[in-house]
Amino acid sequence: MKAYKLHAPKSLDNFQLGDYDEPTIHDKQVKIQVKAVSLNYRDWALANGWFGYPGEKLPFIPFSDAAGLVTEVGAAVTKIKVGDRVAVNFFPEWHAGPFSLQKTRFSLGGSTDGVLAEYVAFDEESVVKVPDSFSYEEAACFPCAGVTAWHALAIQAQLKPGDTVLLQGTGGVSIFGLQIAKLFGAQAIITSSSNEKLGRAKSLGADQTINYQEIPDWATKTRELTQGEGADYVVEVAGKLADSLKAVKAGGSIFLIGAVGGPASPDDAKSLQMAPIFMNRLQAIYVGSTEMLADLFKAFDQNNIKPIIGKTFGFDEVKEALQFMGNGSHFGKIVVQF
Amino acid sequence: MKAYKLHAPKSLDNFQLGDYDEPTIHDKQVKIQVKAVSLNYRDWALANGWFGYPGEKLPFIPFSDAAGLVTEVGAAVTKIKVGDRVAVNFFPEWHAGPFSLQKTRFSLGGSTDGVLAEYVAFDEESVVKVPDSFSYEEAACFPCAGVTAWHALAIQAQLKPGDTVLLQGTGGVSIFGLQIAKLFGAQAIITSSSNEKLGRAKSLGADQTINYQEIPDWATKTRELTQGEGADYVVEVAGKLADSLKAVKAGGSIFLIGAVGGPASPDDAKSLQMAPIFMNRLQAIYVGSTEMLADLFKAFDQNNIKPIIGKTFGFDEVKEALQFMGNGSHFGKIVVQF
Amino acid sequence: MKAYKLHAPKSLDNFQLGDYDEPTIHDKQVKIQVKAVSLNYRDWALANGWFGYPGEKLPFIPFSDAAGLVTEVGAAVTKIKVGDRVAVNFFPEWHAGPFSLQKTRFSLGGSTDGVLAEYVAFDEESVVKVPDSFSYEEAACFPCAGVTAWHALAIQAQLKPGDTVLLQGTGGVSIFGLQIAKLFGAQAIITSSSNEKLGRAKSLGADQTINYQEIPDWATKTRELTQGEGADYVVEVAGKLADSLKAVKAGGSIFLIGAVGGPASPDDAKSLQMAPIFMNRLQAIYVGSTEMLADLFKAFDQNNIKPIIGKTFGFDEVKEALQFMGNGSHFGKIVVQF
Amino acid sequence: MKAYKLHAPKSLDNFQLGDYDEPTIHDKQVKIQVKAVSLNYRDWALANGWFGYPGEKLPFIPFSDAAGLVTEVGAAVTKIKVGDRVAVNFFPEWHAGPFSLQKTRFSLGGSTDGVLAEYVAFDEESVVKVPDSFSYEEAACFPCAGVTAWHALAIQAQLKPGDTVLLQGTGGVSIFGLQIAKLFGAQAIITSSSNEKLGRAKSLGADQTINYQEIPDWATKTRELTQGEGADYVVEVAGKLADSLKAVKAGGSIFLIGAVGGPASPDDAKSLQMAPIFMNRLQAIYVGSTEMLADLFKAFDQNNIKPIIGKTFGFDEVKEALQFMGNGSHFGKIVVQF
């Protein structure tokens, strides 16, 4: 089968297509013919060698988000059958319940082989049946960015109508966050440097938009837009903790997402000093479980919401797809079709 | 009546005893003859002028923690009667439910008059009946330090047997934290620079102790004492966030207490970068509600636990009591008897 | 001032209009000129003498739900001012936090005087400012039925998109339940004996409707409409526990509302026997706190949702309004304008 | 290998020892040499044919609770190794997260083969490593009764010091409930018909005891022992819902355990009518997940608590063990040693 592997030393040039044996499955696994994958910023950062996982073994198959067709099931598999359309969870061993280091020891396309291959094999507990209403391309969008936003807003925030959520930029997590916030009847404020993207965000339901090039102090602007109170929740993907602490409501939470960002600043440290008297919470989020992925599919399916695909590439255009991600000009998810 | 007031500019010298009119009560208030107060580090920091509350009006009556005898009740009071022994909540307007800025706009002895007076007046919703098993001196220990520890461990952590809690030093919050952790059947690790204090902590139930002068890297030591996992919860009163992040378990929480501490370091900012992949939570804690105070009294009363009083002073020795607090040589709470 | 009182023995005939002194306020109270009230089934049941509260003292002013204009505030009031438009909470002493017997000892128009009077007086903690977007008539709809549905679905269920809620009939609680379920992105199934009402429910967002005259076994029908799984949550206002246990999903919850209904049947007892192996929860709901009322107002206001008023009567038509309630032909709330 | 099977029609006589092939394991399974099993009331009820599971296939190997030695592991097993001492979870497919019908479709020794055999095979996700401090006999006590009590009190009640728990009788669930309540610093009230058993319960920490033969109205007695308030939580194993509703505090919860009990009475139905105004919760509990079992082991291990074994039998005395269970004269758990 064809598959991409990221070779040592990690760089976009060492991101190479090759021919490999198809995976074999054990008794509890299913074999999946991959039909589509989606990209996350982490894939770009890994491809550039900006970070690595402890115990990383090169070369490995990159990318974490896939949807495909089940072509074979192990002898002990009972919930999935040949012909099922499935998506794969970012953490193949985090099936349910709260986070643990053990459950997250493998993350696809990082600390273990990922999904940028014609065939992949995973435990039945690691995959979720895709509702009929989603194409493979759409289904491939959910695992990393979607579950991250769901975990933050649905599980940790337990959002309710009347809450306000601040979203930063229009990447995968933020656009999922926008859609999820609106599904819960919450108010969504979103930032971008592009009025065109803000317009698209509005059409997805954003209640307020801030162009952070026109208004660099988006934190103060957020307070103004919320009668001086601040946002109940901030989905922090921009690495701007000091600003986020200024934008969040007293008693509110900031969800820290993405360790791959630039260095936290000394301002962050200083602004943390006031956190106690405003009873703020900083909750780091590291994607989530198979059960969260299943719940997210259900929430979107029942409400007829589709994930937002910014651009689609072919299997032989994966490097272009990565570079497009690197340019940061996307809105929503970037998808590769097989 | 006699009362202390802190005059401008704030300093220990401007902490003066004087004669004032007794407070009058409105229809929903009770008048309390104060019998004992306890000190918190905040009182020392305020007395030295190290910080102030927005809108602070000098002079004001300092101190937040009091217990006393009800001598008069307003016409609309229904739950408290003359002769009741009561303690006063740190936030007179945070009665129940979650934190809000509105509920915490007044904090005793800081942004409004406190309790270092022979008589004080508060809404009946702001006071709690003291169980018979506690003396006034004991009762006066609970409001700030006790409620802070309870809020962190009982409400936010929802502690359970088998969890591990790391406590820093042997001040009021940490010793309450130790007692509460043990009440929940949790494991408690506590640090101090004094082996004598660590011995006293052991006798209160501490499972493990770390002398941080002998073992400066108490964070790594905490990991060793927990089979490499780290503590589930860290009650952060020392302003050592970077170390606390090293000591806390993946998936665990750090409770940030006390905005009055020294500046957070750039290390803190840097160490926060890894928080996402360990799914840590930083939860700032700002004391709590009258309901929490009532639950804390009940928990200690039913389990026959007393708060730990390190030293008791007379009403005319308040400055000595403050200096004793400043020396940091206390274990548990410092109390002033009236 | 004019006010209705319910005299002994309770009956619709002893529901009499009279002239009374205006209430005086204590230091923490506000005086409200009532502009509109709404009716609940409880008011009809009380007016007919079908039940009474322990310690009930006749005559009393009936009805619990009011909105009006603040005309005077006590000396110690700080959050409400003359000219504010406010609504009154069902339990004047349940301001925040979890249920307690103490907080619910008084329920308006039942165990203490209610709101069917030109002027009423309540603690500032017992009232909520009405958002500008609601008329007095609309605002008067929220306190009992709205808070009950919010308490069940937002607080106890912590609803999320993808959940399914079963609502019984088209009375006040059920229609609020329908609106709240849809605000959360949940699926709503609603029953009625009238296809016309079901049509109106559809236009409010109901995903599925069941005419229980055409399909008496609505519980089995609910299972069919949910792929055999049952509803995640049942808002039980019909006194049909055995059926509700048949309609609810394994692991799901039934919210028991309204002690005034007919006798529970032996079938209920029998069907409870299977609850353990389906891990069901039966959660009784008794209206809620001032904070819940405030959150509910905010949720509706920010999402531009209005409560549904089925019919409006004049102040001199209160008995007609009650009889209209008794006929059960209403959809949503019945309101009396002052 | 030797194993007991329960043959059709279910009766104590058809509970027969036989010789069978040892189980073979699939890639994710471990093979366990059983060293000890414990009995639950359910085993007695099943052995007598008092109830059966849907889809039950006779004969089957009975009993659900086992501890033993791992003698073989499948090719894909990563967390368990040969030589590990393990206990098996009641539901082999409920590993983590909330209840679902899917996860509980198999319950050991009921709807699938159980553990009363010299060798058994289970997924590595279905077993938990036993802490060194427990013997096999002790470890075999935890799975059904222990996890049920833990699920009720630690997970659903989120017990805290100061809460009061009512326990009915001195069987496995109640004694685990007593030990767990005391671990949390809660007050425990326990009932029995035997003063000798009540004495043993006192020595395990029970704060109050009620001999229900001497005081048949134990519900009213519970109220008296709680200053008229009632118990915050009732662990309902006796099938006395009406009494339990009388014994529980307003706002409190009753955990319904054991569908195998006698018929619920019409009194139960009637008493449910008042539940709304007391905001009670009835929460059915159906054992729990592998993660709960692991947490329970940890809680007992770290606090040096052992499960209470009432009596131990040999492998050839299983019928005597069952009859002893049926007599109801045990205190704590009945264990069979292999």
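Order as written gives the chain letters A, B, C and D; numbering starts at 1 within each chain.
Assume a residue touches a chain if its C-beta (ideal position, glycine included) is under 8 Å from a C-beta of that chain, and two chains touch if they have at least 3 such contacts.
The model shown is predicted, which means the values in this text are computed figures rather than measured ones.
Chains that touch both subunit C and subunit D are the following: A, B.
Looking at B-D alongside B-C, one finds more C-beta pairs in contact between the chains of B-D. By residue number, over half of the contacts seen at C-D repeat in one listed pair from A-C, A-B or A-D, namely A-B. Interface of subunit A with subunit D: the two copies contact each other largely through the same residue positions, with over half of all numbers used appearing on both sides.
Rounded to a whole number, the gap between the C-alpha centres of subunit B and subunit C is 41 angstrom.
Residues of subunit A in contact with at least two other chains: 98.
Residues of subunit C that touch subunit D in their complex: 98-101, 104, 229, 241, 250-251, 256-259, 261, 263-270, 272-286. By the touch criterion given at the top, residues 26-29, 74-76, 79, 95-98, 102, 123, 125, 289, 291 of subunit C touch subunit B in their complex.
Residues 154, 158, 160-162, 180, 183-185, 187, 295, 298-303 of subunit A are the ones touching subunit C in the complex.
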